[in-house]
Structure formats: structure tokens, C-alpha cells
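Labels for the chains are A, B, C and D, by order of writing; each one numbers its residues from 1.
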Amino acid sequence: MNYVKPLPSFLAQRYHGWKATTFAENHAWYKRLAEEGQRPRAMVISCCDSRVHVTSIFGAEQGEFFIHRNIANLVPPYEPDGNQHGTSAAVEYAVTALKVTHLIVLGHSNCGGVAGCYAMCSGQAPELDEKTSFVGRWMDILRPGFERLPEGEADTARRQALEHEAVKVSLENLMTFPFVRSAVEAGDLSLHGLWTDIADGDLHALDPISDRFRPV
Amino acid sequence: MNYVKPLPSFLAQRYHGWKATTFAENHAWYKRLAEEGQRPRAMVISCCDSRVHVTSIFGAEQGEFFIHRNIANLVPPYEPDGNQHGTSAAVEYAVTALKVTHLIVLGHSNCGGVAGCYAMCSGQAPELDEKTSFVGRWMDILRPGFERLPEGEADTARRQALEHEAVKVSLENLMTFPFVRSAVEAGDLSLHGLWTDIADGDLHALDPISDRFRPV
Amino acid sequence: MNYVKPLPSFLAQRYHGWKATTFAENHAWYKRLAEEGQRPRAMVISCCDSRVHVTSIFGAEQGEFFIHRNIANLVPPYEPDGNQHGTSAAVEYAVTALKVTHLIVLGHSNCGGVAGCYAMCSGQAPELDEKTSFVGRWMDILRPGFERLPEGEADTARRQALEHEAVKVSLENLMTFPFVRSAVEAGDLSLHGLWTDIADGDLHALDPISDRFRPV
Amino acid sequence: MNYVKPLPSFLAQRYHGWKATTFAENHAWYKRLAEEGQRPRAMVISCCDSRVHVTSIFGAEQGEFFIHRNIANLVPPYEPDGNQHGTSAAVEYAVTALKVTHLIVLGHSNCGGVAGCYAMCSGQAPELDEKTSFVGRWMDILRPGFERLPEGEADTARRQALEHEAVKVSLENLMTFPFVRSAVEAGDLSLHGLWTDIADGDLHALDPISDRFRPV
């Protein structure tokens, strides 16, 4: 594997700093977590975007949150066809094996994946329509969200509305998984939709009554 | 969407704490990141496991790291079949759109996904063999790693060896993506393999010469 | 230019070591930084002193910090008189062109420049009072800090207090620059005062409430 | 000083990491440096640019290098007019008080300050011509270098030639300081000119015979 390189020293330096401080402060807890296994309280599905603050917002990395991150925080519909579905596997593991009690989908502003989907669905990104585009095929999950966007608004507003749709479509798709639906109906699991604004740090939650996002 | 619930107050409280402290300290920077876009230096592929410290180890969440997290930090082989491949989409976006210069696969000890794969491949978890098991089908990616495990060691050692294989198989599969291979060959991207021990916080890096993991 | 000499070999040797290691690990990132330009998050104003650890403390030299170093980390008041003001030029470039979001003044213990200022203001260094003394004229910037030192303490304590004043005077002078003040007032820039102890490595931050330096 | 803010936590975290590792490894040496004073072997004058690797290239921050950083690594001519000259003060302190034995001017590629000077001298940046432009007035130091650029080359080549001139002009100006000239003539101080390419990490040294920069 001669294409593999050693860890860059600036990262090694940060690791050693973490080891000597944050880890040292918590090592007994981490040791227990290793021995007894994780027991996360919630699963969070968020975007890979480097500006999304999921860990710091919730003070994660202490064994509480099972975190799946993919492009545009999407969940595909239930499709047990024997193919590889990484997101569905993560949901299945969290709900059936770890029995998390909260499942949170966290969207965000300025999402490049959602912007790509918007361009693709508007006919402005033919390269994303190609069969070989992994990003394009992945963003197909969000097409139903694009189709129900209200007409007559500016592109900026519609793109942000599509970011909200990415959360809603994922929540809807989650309910197509039998093990999610039954856990929700049994009161063992609750679903939550969030959207965070990168620029001003605001967090908005999907209000189930009005079906709109409101500041937390 | 009456199955959606409001954000639990313990999370709202943490969010407000973050907003008043970490966010407040950095808001001008986040505003610029929102306006000018992200320019992450590295992509990290790690496990969803709630005990994995990827963000704090490297001081992430400041725009530097594009993070994909799935079960057992796996990358499937290149398969442009028009289906939904969330991991492949994330890799494609990071390498071709964001042009990250480092791609790091981070495995970890006590990995439940890898343990499941080990049980499945050893014939001890027939439920994971079923077509409808998302976790089982996802862990199929790691079967080639199981098959080359050395014989004659204890289960504990073999399971840890399989965690190392999860990193190696992913790195091998990454090289089957034409855009990854060409970026690596052009010197624009370097691949790295890491494995972290949850209990003692140690970080091990895959040494390309010996093909073994060694402490950083 | 026969007064110019070739690079001493001990430095050439270190350069080759850096090139083969740190640079090699990060070359793709440096290439991008060269092509796309720097986007530093912070400006640091520190002393030229060979014992000041600004780069390693913060893991700098990766494109994140715009660093100006002068004698005693001083910033003169705003004086747009058409003369050459190297420090003011650096501040202007960082704030108006690079739009850094943090501006940090970093003082330190055992500062020779501050000790010289203390001696000069106490009448014990007449050579620094001469018009032709560049160091003396430069340290004039710190005279207002000397004048407000509390009486009745030992010289050692007063010299350290003057090191703290060097940070405070610089912060006060920074606010006399219209472009600094307006960026601060708009919330796009925050100012920070630090002082580091060379002997024990401690870092102290200026607490805006108490107006005193406290350990980080 | 209510405009001063506490240190952002991401920097506090990096500091604590450094303190627990790099500092801990070297604390006895730093303690001696604090007690006995610095005794740097060389002064380096380099640019503030966040991509310039002066500390890591030479393994600095251990008491060996007295480092002055300003826009475009410029030294003005000797002008003992009683005004504040930060760069001249740094040179005076290094040569007369610290008695460094090497004085290195380090230029670099992709220099924003030099590009601004080039635009200004070409009549393409009238805002830099204004009396109130600190950057413009500072870059006036480099005007003699612009005026002797060879004609008939492309802008890119001429801008890089001007980066080389920034080093040469500074070396020439250094020789106008009586204490520099006499130390050079006595053989107690040697001057060196360097230029580093950010993209490929190469270091070029000014060859006194050919008057050209050549790879180290």
C-alpha cells in the first residue's frame, strides 16, 4: 500500500495535545465506555460539511450521540433489496441494536449538496444527471422535496426551502422503515428535525404543528 | 408530520450554552465561512460510534475537516451503477469539488460493526446474512478483510485485526475510484489510515512500509 | 552585492530536513494555498524575541495566522501622515484586505524591549533617549504605559506590569484606527490580549471585565 | 477595555496541547532561556504572510532566531530622524544588543504586498497612491526595485522579479545602517538573501557572484 502516507505532523501534534488534555481529563470514562460498550441516547444524522457544528453544539464525543454524516443529511426510503445502503445500515443499527431514544436529522444553511440538487432539478447541472455521478444519484433522494417547493420565490429563498425539505424528506423516509415506525409508535423513539444557520449560529427546529422551522 | 417531536430541552440547553460561548467567540469566522464557502483541508471517514473522538482529536468543526461517518468507517468499491451510494458521493464531492488534500480513514477499537461482521463471517450471526439486513449487507464490504485474517489467533486478536482490515479495505477501495487514483498519482491527495483505541486514547497510523499500524 | 554570503550549511541542512518531511506531508495543501491565496483567520502581533512560541503554541504556519513581529509587540497610534509605518501597514492589510476575524496582541515575560523602555523612562538609559536611537524612539510608544504604572512596587514587578501595559497600549492604539474600530463595532473582528511566561510556558489572557491578565 | 474579548476556545485548546507536549519536553531549556536571556544566532526578516514557513523551515522557536515579520519583508533605508521606525529598531536591537551573526532576509512567492506594489507602480492601484494608505506608503520602499525591473517580460515574471528585488533592496538598505556596515566589514555579521516558493517549498538563495537566486 505504497499510496498510503504517514499522518501529517500538524495532525499528530493536535492529537498529542488532545491526548494530554481532554483525553487525560476523561480517561476513566472512556475506559468504561470501552469495557461496557456505548449506550448513546440519540442518533444524529447531519451533513459532512466542515462548517456544521454538531459535535460542539451538543457537546458530543462522550458516548452520547451516534452520529452519521453524509452529503446533505439525507435518508433514503426503506429498500431491503440486498444492496449496500450505508445510511439505512446506520439507522438500523442505532434503532434496533443500540435502541437510541431520539433520532435527529440536522440540516444546515449554505449546503453545497442541496445547492447541487437545486441546480440539477432546475436543469442547470447536466453533469449531475449522468448515471456515473455519485453526488447526482445521491441527491435524487431529495427530488420529491424539490417538486413540492412553492413557486414564485427567488432562487435564494427556494434553495433554503430545499434545505428544509432535505430534513423533512429524510424524516418521512425514516417512517418507511418498519423498525423506526414501530419504535415511534411504541413511544420508544422520537424523531426531530433541525436546521442550523452557519453564519449566525441559530438553530431552528421543525414544529410538528405548523410544519415549519422555528428558532430553538 | 405528527410523529415529529420538539427538541428535548436537555439538548436545547446545550445548544444555548454553545451559542453563548463557542459560537460567540467565533461568530465572525463562521460568518465568513458561510459567505465564502468552506475550504476544508482534509476529509475524514470515521465510524458513527458515539465514543469516537474525531472532532476533538483534531480540533475540527472550524471549517477544516469534511467528515463522513458510517458504520465501521467503510468505503465500498467504485460502482457507478446509477444506484444510491452515499459514501461514494461524499468521497466524490470531497475530492472533485472541494479538492481536499488529505483523505483519512479512521478506525477504532471495540467496533460493534466490525464485531458483527466477524460473527457473520464466522457463521455465528445468521440474522446478518439475511437479504433484508442493512447492517449485514453493508458489512459485506469487509468480507475480503475477514478472508485474509491470519489463522490460529484468539477471537479477540482476530477481531482487532479485522478493525485494522476495515481501514485497509477502505483505502484499497478508495484507489478503485478513478478520481481518487488520479489525484493521488498527481500528488494532489494523500491517503492515510488511522486506528484509535477508545480505552487508552492511543492513535495508531498505518505504516506504508511495514503495512502495520504503529503508535503516532 | 559582495557583502551577501551564501546560506550557512547548518541552515541549509535544516531546510532540507523540513522539505523532506513537513513540507512533503503537506505539499498539496501548500500548492492550493499558493494558487488560491491565503485566508488567515487571525492576525497575531508578537515580539521578535527568539524565545516567543507563537507558532508552536497555536500550530501556525499552515495558512491560519498572519503574523507581525516587532520589538515588544507594539502598535503605534493611527497616524496617516504619509510616512512609513510598517506595523500600521500590516494591521491595515490584515483587517481591510484579508478580513481576519481575530486580532491578537501577544506579550511575553523577560522582554528586553520593555526592560529598555523601563530603564529609559526611569532615567537609567540616556543612550535610548537620543534622537538617533531607533529602539528608544520605538519604545516611546510605550511611555503612556509607563506613566500609569502603580507606584511603590519593586522594579521586577513594575517591569512585568509594563509588559502587560505593552499589550494594553497596543490594544488601545488599535482602536484609534478607523478600520479596526468599525470592524470591531460591526462584530466582524475581535481583539484579544495575551501574555506568555517564557520560563513556565503559561499563557495569560487579558480579562476585559477585571482589566487583568488571568491564566488561560 | 470592553472591546477586548476572551481567547477563543479553539486557541485555548491548542495552547493546552502545546503546553502538555512540546513545552513539557523542553521546559528546562525554556527556563534557562528565561533566566539567562536569549542569545539568538541569527535574525530573520520575513513577511507576515500566513503561508511563510520560516519557523518550521529552520526549526525556530527554541531561542535561536530573532524574527521580525512585516509586509513584504522590507527594510527601509537608514533614517535617524527621531520618528518611529519599527523595522530599524528591530535591526538595531539584533545587531547592536544581541550581536546576531547572521541577518537573513526571506522573501516568498505569491506575495500580496509585492503584487500591490507592482500594481501601484504600474498605475493600476490609485488607492495605494493615497497619502493615507499605510500599505502604499510602506511599499514605497520597494519603488527603486520596480524601477530597475527589466522591460519586455510578462507581468507574472515581472512580479516574481519584484519579489526578488524586495530581498535585494532590503539588503542594500541594511548596508546603509552604520552599525550593520561596520559589523559586516569587521566580519562579525553576514547578510543573506532567500526567497521561498510557497507552492513547491523550494528555497532559493541570493548568489553574491551572479547576483541571482539559486536553489539551496
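Just so we're on the same page, a contact is a pair of C-beta atoms (placed from the backbone, for glycine too) under 8 Å apart; a residue touches a chain by one contact, two chains touch by 3 or more.
Everything numeric here is computed off the predicted structure, so don't read it as measured data.
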Would you kindly count the fewest steps from subunit A to subunit C, each step being a jump to a chain that touches the current one? 1
Rotation angle superposing subunit B onto its copy subunit D by C-alpha atoms, nearest 5 degrees: 120
Per the centroid of Cα atoms for each chain, what is the distance between subunit B and subunit C, given in Å? 40
Round to the nearest whole Å and give the separation of the Cα centres of subunit A and subunit B. 14
Shared-interface residues of subunit C (touching two or more other chains) are 22, 25-27, 31, 59, 62, 102, 190
Please classify the inter-chain touch graph. Allowed labels: line, ring, star, complete, other. complete
Sites on subunit A touched by subunit B in the complex: 1-8, 11-12, 14-16, 18-19, 22-23, 27, 30-31, 33-35, 37-38, 40, 42-43, 48-71, 74, 76, 80-94, 97, 102, 104, 109-110, 112-113, 131-135, 137-141, 168, 171-172, 175, 184, 190-194, 197-203, 205-208, 211, 216
Per the touch rule, the subunit D residues reaching subunit A in their complex are 13-14, 16-18, 20-22, 24
Under the definition above, what is the set of subunit B residues touching subunit D in their complex? 21-22, 25-26, 59, 62
Listed in rising order, subunit A residues that touch subunit C in their complex are 5-6, 8-10, 13-14
So in the complex, the part of subunit B that touches subunit C is made up of which residues? 25-29, 31-32, 36, 39, 41, 62, 99, 101-102, 187-190
